[in-house]
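In what follows, chain A forms one complex with chain B and a second complex with chain C.
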Partner chain A sequence: MRCHLRIPPRLVPYLLLAPALGFIVLFILYPLGLNLYTSFQHRVFTEPTGNRFVGIANYLAVAKDPTFWLVLRQSAVWVVGSLAFQFILGLALALLLNERFPARGLYRSLILSPWAISGVIIAIMWKWMYNPQVGVLNEILVRLGLVGHRLAFLADPSTSLPAVILTNIWRGTPFFAVMLLAALQAVPAALYEAAAMDGAGTWRRFLHVTLPSILPMVFAALLLRTIWIFNDVDLIFVMTDGGPVRASETLATFLYKKASRDLDFGMGSALAMVMFAILMTITAFYYRAFRRSDRIL
Partner chain B sequence: MRQRNPWRLATLYLPLAGFLAFTLFPIYWTLATSLQSEMAVARLPIHLIPRELTLENYRALWSFTRFDRFFLNSLLVAGTTTLLTLAITTLSGYALSRFRFKGKTFIFFSILAIQMIPLVMIVIPLFEIFIALGLARSRLALVGTYTTFMITFCTLLMKGFMDAIPAEIDEMAMIDGCSRLGALFRTVLPTIKPGLVATGIFAFIYAWNELIFAVMFLNSEELMTLPVGLYSLVGQFVIKWTDIATGSIIAVLPPLLLFAYIQRYLVQGLASGAVKG
Partner chain C sequence: MRAVSRLTVILGLFLALAGLLPAGALAQAKPVTITFWDAEPADLVKLRTEILKGFEAKYPNIKVNYLNIPYAEARQKLVTAAATKTLPDTMFFQATWLGEFAAMGELLDLGPYADKWAGAKNLLPQVFSVGKAYKNTLYYLPSEFQIDALYYRTDWFKEAGIKAPPSNWAEFLDAAKKMTNPTKNRYGFSMRGAGGNERYYIMWMLMANGNVFFEKDGSLGLHKHGGMDGLKNYLELCTVHQVCTPNSVNNSFLENTAEFSSGAAGMYIHNQYSVARQVKAFGGTVEAAREKFGTAPIPRGPKGRYIAANFTNGYVMFKQSAHPAETWELVKWMLSPENDSKFSQTTGALPANKSVYEEAWFKNNPFLGVFKQQLDDPTGSFNFPIQMAKWNSLIAGPLKEEFQKGLLKQQSAEATGEAIAKAISDALK
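Right, the complex of A and B next:
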């Protein structure tokens, strides 16, 4: 006969959750708290004896740093540029995927493949295609007669950020499409039939049936993607390292380099808190916009 | 609804082909680069379809670089992360799927919300925690980090899979003399095996692909995972693109193949609130 440890049944679910919650508290929530604490300290990894409490000095230093305001603006360009195209293309792709056509499953697998590819490899693929001497993109543009000479997309301050944004659009569009597709497939067919009966054309059906039905998912997807893109580091980190002369630096890469290269943990933590505050504001903004649109439609 | 063919061609098949070409071209081009000699890819004019193909890069990569080491490290880190994540989220998913208890709603929504915390924020404190634990600069630190980041997503996935099977099968197993955990391991897990595999694959792909924490945590070539190894190759003064393309193709194969198997669960997971971009 097997012996059972007698555990009060009331406690079982908590015990089952304990390892998961333990990891989350230890490696996510506690670090978040620690981050807040560190942001009020002078703390540089290479000066182990120099740690001291400095109040809001790090935050003041951030506010006074012109680089911070520059990378903040560039973060906005990075997020809005990536998001706008990912959304428009993603919605178009979702509408296409919602149609019936041969080999749809295979098509969806292929089109989603960027999701499974590591950011560093995506960065490598595109960096190679952007190569100024023997890059295939230049070759195509020259052959089509769109440019007269080969361009150094990533080395030119005026094109480096747009070039990385294009890569990010490539990376994020398919997943955006799948999120929206999930919403499209949940729209009851009866709604379309009723609209067709009332004589609504394709465009009116899209505007009055499809769009209101998928709106909650659209907002959720936009918000999530905003957060991801805002925090995304790997593409820029590998493709341009924020350069040339910070032309493609965003808040996230700036913070990451403060942490991993300068090892300035105090300043880095203050930057992280600022980023967190910005994201909270954006989330609140999305939430209000969502509530309002819900009333209108 | 049947529509005329030219219309369908213009509004469905042409855009579909356009999206497919846009998506696949970078992958095709990397593959084509990996199959040519270094001389051939550095020569103008560029041929969109390569003239001479060779497997030499693949042979050279394994013999002359530390790529085998990177591959092994990635396998170790991603494999351990997968097993640990599965062990933890089997239990947490079961708790959320089968039990009613005080604080359940709070815990459920906390797990949903934690998915939205920007992880780049905690690079610094996490690194300091691992220093304090004596684990900084170790693969174990990465396993702990990746497991934690996958717990929220995978708990929700597991809950979804378990919700889809009736609670009566647990009860029948318990009437037959199984304990709660016995019911979980003998009847629930075998029933959701495909879901279990899918969840494990999500964790594996994430750990296999991650770069940012790995760069921060690992500094010796001996410990580097594939993304860090590839990153170090692009950072060198003279970049050997054929090597890097070859390495990229090798590194991208496992997640791509696994992904083909699980992609339908991605859509399913989205419906239950589990999101992972």
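Right, the complex of A and C next:
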């Protein structure tokens, strides 16, 4: 039986895109729009009769809150500190695993293990490792004579955030190792041979062959991890709950507490929109930097 | 007119008979499904399931959809359910949530149901005094009590020549000092400085001020009448006398328990849930464990009394329930002496039924008596102001953080007390 339905050819692309567009509208644009709407409301669950439109009052309250600026600074430390070391160590591991050596396959599998473990389990594990009374880290440091007395890493405001960052570095390095290893393996061997024939040493081959070749993957990995780390709450919640006294609080945990513990959804939505704006800015920066490097290549 | 009168009479007779019908009639009614949530640890799910099966056997027309939620997510799930109108019929509920969910208007008044229930006479009076915390309405029926007491290392006490557990603050400090030796990684006291820390410093403040949390006019009295001295005394254990473990500011009850059983701390304060853990840690039997630890009442304050914080979990019914009669039967089932006893024996919680305390398992456990003693003492236990809608966010926020600032010496004890008092007073407005 013939189908007599005639679809104008110019509409076909839109029809094919419709399911994807529908998904984006339903699961991305609609929640975003609702969040934006709620950010202009006074919406506290324990005050059900107090819901009202308040304009930009929530945003002004955020801007005037010294805690917001504190957690914003700490978020920058959290992201940059975690990302920088994850990338450097991940690249080093990828370069190492790209070389030939016995049981390379086994090491390539093992390297993924931190990434495969649930964030909550990692947090619980490291929290006990850091414990000054019963934790293994202090035991090692004391027995090696590196410290005179046990250190309460997570109980000291000056070390709680760095300690959680260290845990995050341990967790996130495998992601970079795997992504960059895949990129390294796609670099044509002929390029290295040509460079070697032109007299380029190891460092110059790395700088002028390896890095430019893997740059697209570097940008993609950095962008993804920046967004994920910025939004991460699991390690901080379990290890320190943002403490002591907000010393390890980030914007993501602050937002969560505002919405979930204080039940202030208006303020929580305003904070979420601020986070969204920050991440969009970072994403735009990455794309600009990537396009520039693409032109140079 | 005659037809309407006849109909009215018949309807009236029917309603009267329905009120007189025994529960068995409910069992023969049409099938319903009710939803029950709890946030118990995974190892209690089996017990809960077994108890629910017993209920379904008694009421074959009532099916219970049981959902166990991880504790860390339970309140979030409840808040989301309230927003989306998908609350369960009933839940095993934490007392600190009472104020906020009652303020939201989501809880059903259980008073009319409890008034007609013969089993209510077997419940402790504290069930009703705590359950009516919000506007003197029975929105909540506590089924388990968690009372705090002092855990102490009997072997360390013997070593240090301390003859008996401390009965007052001076003896407590003296014992803690004698047991503290940082070079051997041993400290006298493991303080809870992380989430839940307010339970203990508020106890100390109340012991100092004669148990005055609110004044008669409803304003805050916690920091008055000597309350600040109590806070100072408690803080100085760590900041001046340095008898606390170094991780105290980040300690939850898990760390307290681990520091005690691993030999890092000689004393800590916690409820009876720790008894089973410590018995397991110190030999696995009550007899073996008695050689290593004991329990004692909280050391008395300057006014000669102890105050133990009274924390509860229990049952609520939600207004959204489409089957309140059937749901009430489930709540009564859970609170029955038989099931109350099963739960308490497994969880270590103090039960809600008076008769359960006469059972051999409770009477023969040497560690549990002190908790019941404190629960029974009307001047010795204290109920937190769970009727405050903002209590839950207070304890997770400023009450925790201001105390941590005091512990870390970022502010004085006086400044800490003032900040805590201001936070609570602001929440009362």
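Keep in mind that, in the parts below, the second predicted complex is superposed on the first by the 264 of 297 C-alpha atoms of A that agree within 3 Å, B and C clash if a C-alpha of one lies under 4 Å from a C-alpha of the other, contacts with A are read in each partner's own complex, and residues count from 1 in each chain.
Keep this in mind: contacts are C-beta pairs under 8 Å (C-beta built on N, C-alpha and C of every residue); 3 or more make two chains touch, one makes a residue touch a chain.
Values in this document were obtained by computation on a predicted structure and should not be read as measured data.
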| item | value |
| --- | --- |
| Clash or fit, chain B versus chain C on superposed chain A | clash |
| Touched partner set for A:T46, first chain B, second chain C, both or neither | second |
| Touched partner set for A:A190, first chain B, second chain C, both or neither | neither |
| Which of chain B and chain C A:P244 touches, first, second, both or neither | second |
| Contact breadth on chain A, by residue count: chain C or chain B | B |
| A:S260 touches, of chain B and chain C: first, second, both or neither? | both |
| Contacts of A:F23 with chain B and chain C, given as first, second, both or neither | first |
| First, second, both or neither for A:T38, with chain B first and chain C second | first |
| Which of chain B and chain C A:F101 touches, first, second, both or neither | first |
| Which superposed partner A:V134 touches (first chain B, second chain C, both, neither) | both |
| Which of chain B and chain C A:A155 touches, first, second, both or neither | second |
| Colliding stretch - chain C into chain B, listed as 38-46, 200-208 or 236-244 | 38-46 |
| Residues of chain A at both interfaces, chain B in one complex, chain C in the other | 131, 133-134, 260 |
| Contact footprint of chain A on chain B as seen in their complex | 12-13, 15-16, 19-20, 22-24, 26-27, 29-30, 33, 41-46, 48, 87-89, 91-92, 94-96, 99, 101, 104, 107, 111, 114, 116-129, 144-145, 147-149, 151-152, 155, 179-180, 205, 208-212, 215-216, 226-227, 230-231, 234, 241, 244-245, 248, 251-252, 255-256, 258-260, 263, 266-267, 270-271, 275, 277 |
| Chain A-facing residues of chain C, complex | 75-76, 79, 82-83, 99-100, 103-105, 182, 185, 193-195, 245-251, 255, 258-259, 262, 264-265, 389-390, 392-393, 396-397, 400-401, 404-405, 407-408, 410 |
| Touching residues on chain A, where the partner in the complex is chain C | 45-48, 131-134, 149-152, 154-155, 157, 160, 240-241, 243-246, 257, 260-263 |
| Chain A - residues contacting chain B, complex | 4, 10, 12-14, 16-17, 19-21, 23-24, 26-32, 34-35, 38, 89, 92-93, 96, 99, 101, 107-129, 131, 133-134, 136, 139, 170, 172, 174-175, 178-179, 181-182, 186, 224-225, 227-228, 230-231, 233-234, 237-238, 252, 255-256, 259-260, 265, 268-269, 272, 275-276, 279, 283 |
